[in-house]
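This report concerns only the one structure given below.
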């Protein structure tokens, strides 16, 4: 198993934001994480990427324990995320955003940087070309010199994913990539995520609200509600699960189930 | 024992100064989330207003004190109005606010040096200079005034902030500016009010410290900085924290000078600051804040 | 009562609201439904003056309120209970409510309003002296609504009152909303489309900053497209 | 690979030639020009090193440090004392001064760089006060509050100019590297930087140490220029001097720091000469005012700059030859286009 979460729990004061969640993702899968607003989905991402430390529970990636590691160490291991409220290096150009994120794959050290040694030249040339190739693949090459924050919303999302890809993640965590997109943009995004998975040979865990996006690309999905795991299954199973319909789609006619 | 009590009293007096200034840093940081490096200048301005009012026989001392406090409050309010507000409205990064406040403090300090006088002025004698002997302690009257004024002002401020509706708006703006605006609170007015109050507190400290030592253009820079350390030690954003930090640094300084070495007196505040921040980055009474991801 | 005409808002390079026109009549509950990021909250934030519009008209009781700052909007009779509750977490319930009545100068009326809010949400009275940050999510939501009501608004803007609440609590909140509507006009933004459409009189569907549909809620509930996109059928 | 090595060798040779040329020109100027302009040029070079080093930590990495003078003072006393007491030659003393400043930078930076934004400025400022207190009280070694006279004179114009050239070369190499990009990423958004695997604490500490290293060199040059040291030379105002230079030129622009250093170095001189001129004309009142008036002018200018052009003269852009040529080209074309 590539990635496993076991009995993950975090409490903020009196509130249990994530409550005993267990889930896993296998190599090469696209797995969805859905649930109503405030269900704790982003908190799960924050726990996995080391922004928060869980109150209890385990997170393992390729068998290695991620709990207690710093966000940058987790990213270095290959678990890289995007953010719900896009966090780009705003005043840098598109190219600089991607180039900066390529640093993990640059092996030279400080003295090389001071003196611009031959090793420096070789590495820089490589990462420069790699950044351009990456921008080409995600369709941002023609806008590489634009300031990141001046891009239209949809492209900012795309750039954020490209920046994450520059680290060559093994597991990519996407936090609501389709938020604020219209139906056509959503269709493009589905296409884009499929391309990413194929071209970069990465596994994807995705939080999304747009049902058509998530039902379309996920092989499996987990449903969270009030921090608890409510259901788990294929999109077809989830769509007909009465508990999910009740909680997620807001059809609270009876409380008989509780 | 006698010496101990004497030092305790001295610490209380100097601590009052730090506490009065520190609370201004804390209030302003609360509503605007930036360090107002010009806050110390308000203290200097206050000291000079009182000095000249008395020196030139314009006003009797109590009135001069009151005038200094209100004018400094207005001065503090004006710095916000003309230096920080335009930047805020443009949505400038917080670093720009910080740098601008350094500019304001430079302007005040240099203007006093150039237009008023670069010299150190002793404050005219308005209180009897003979120390009062009390329980074996020798207390200069100015210290008595310092502690008394400090207590009165601090209690009034706490009452105002916690118990009155106008005061509560300061807390509300500090906690969540947008939500406060949605309650019908004029947040700009609240921010102005905060600067005004901070100015009053600082100038009271400025006048009294000027009386205790001397009035000079660098007064604010020197006491302002240590008071800032006090605010951070206590937990910036917390009013009781500012008081605690102020008295703590005042005490440590006097006891450090008396029992260890007076040479390092001015470094003590910062040593304490570094230790507190290492142990508890949000300060003794501060609440940790984490950026929302 | 409230009339929004061809409103355009840009938000960090994003065209967040695109020619949005919405109308609310006295006594109505109007709801705006739509996915996350469609611009629902931005619309409310623009009405209440937190966000500046680029073009378009916003008028309330035939007064132009587009250029007003938030506190002036409150003065004119609109109050906004924001998304995510946003109570003053370090103040007591009582202090929160008093701040809600900040613009009310008359002490007696304020006590009256306080009584009315406590009648509506008895749990708030039990917790009157408690620090708001220690309340449960549902209680904070009640406080948020109660606080907004303290200014005796003519129009209440409610942003996602059901967010993060258990179904039982959602029902309770919506029962109170039915109560509130007896005195107050309401513009309700919800992601919980089913609940909102059941409660409101008319609804608008917002999609990436544009109004794509407007109809009485009964019709929206039956509309196959709405069902597919928002009701999961 | 071969061509890469050649490129490196060529660049090193070009750089060595540049350094040599700067040395020769500096020495020539010192011989040809009167002492006054040579002095101003020397001070400019020292100020530029100080500004560049502050720019690295605050302009590029976004960590607003107000303890710059504290690192200068460490370098100044280290180099002076090594030469005076240990009888070391200049170069090793000078380099050791930088290294010791960097070490102090590490000791201060490691704990305090975990703090967010504004706090850092206060801790570093506090550090500067602590170090001043220590120096004032180690009378036996440093002369304490009496000052340290008899520091050997070394900082001639060529020495200062060569130091500036090397500083500029190393820093511009650094900011145009993986590490430099990571510095800027830390400034832009720490959480985003961490999310792509950038160890923000590491890069902050590294930037802080390098900045302290060059601040130490700058401080050492001051000592070897004035031939006298006193803890109060390196006060808060000294830090603010470097801060103003960088802000004037543009946070995050190396050539901007040079520009800023030039303006701030010249400002008091302009006023002083104006005052002397007016004094010569018999206008003693205005002359006396101008002698001190630059301070108000300086502070007012600082404020006006922050309120009207907070990004400084250049912002994050650099002055480059191709850019300069393009600009000249544009100006010329514009003129020709006129009827």
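Every chain is named by a letter (A, B, C and D) in the order it is written, and numbering of its residues begins at 1.
The working rule: a residue touches a chain if its C-beta (ideal position, glycine included) is under 8 Å from a C-beta of that chain, and two chains touch if they have at least 3 such contacts.
Everything quoted here is computed from the prediction, not taken from an experiment.
J.: Give me the fewest steps it takes to get from chain C to chain D if each step has to go to a chain it touches.
T.: 2
J.: Using C-alpha centroids, which chain lies at the maximum separation from chain D?
T.: Chain centre farthest from chain D's centre: C.
J.: From the C-alpha centre of chain A to that of chain B, how far is it in Å?
T.: Chain centroid spacing, chain A to chain B, equals 47 Å.
J.: How many angstrom between the C-alpha centroids of chain D and chain B?
T.: For chain B versus chain D, the centre distance works out to 32 Å.
J.: So, what's the distance in Å between the C-alpha centres of chain C and chain B?
T.: That pair's centroid distance is 41 Å.
J.: Listing for chain D: what residues touch at least two other chains?
T.: In chain D, the residues touching two or more other chains are 191.
J.: At which residue positions does chain A touch at least two other chains?
T.: Counting only residues that touch two or more other chains, chain A contributes 51, 83.
J.: For chain B, which residues are shared contacts with two or more other chains?
T.: Residue numbers touching two or more other chains: 293.
J.: Please output the residues of chain B touching chain D within their complex, sorted ascending.
T.: Per the stated touch rule, the residues are 34-35, 83, 86-87, 92, 94-96, 98-100, 102-104, 106-107, 109-111, 113-115, 118, 221, 225, 228-229, 232, 261, 263-264, 266-267, 269-271, 273-274, 277-278, 281, 291, 293.
J.: What residues of chain C sit close enough to touch chain A in their complex?
T.: My answer: residues 12-14, 35-39, 133-134, 136-137, 160, 162-168, 170-171, 191-195, 207-208, 229, 231-232.
J.: For the complex, which residues does chain C have touching chain B?
T.: 48-50, 69-71, 74-75, 79-82, 86-91, 95, 98-100, 102-103, 147-148, 151
J.: Hey, which residues of chain A end up touching chain C in the complex?
T.: The touching residues are 13-15, 36-39, 149-153, 156, 176, 179-183, 185, 209-211, 226, 239, 245-252, 255.
J.: Quick check on the complex: what are the chain A residues that touch chain D?
T.: Counting only chain A, the residues touching chain D are 49, 51, 70-73, 75-76, 80-81, 83, 87-92, 96, 99-101, 103-104, 106, 108, 110, 112-118, 120-124, 127, 163-164, 166-167.
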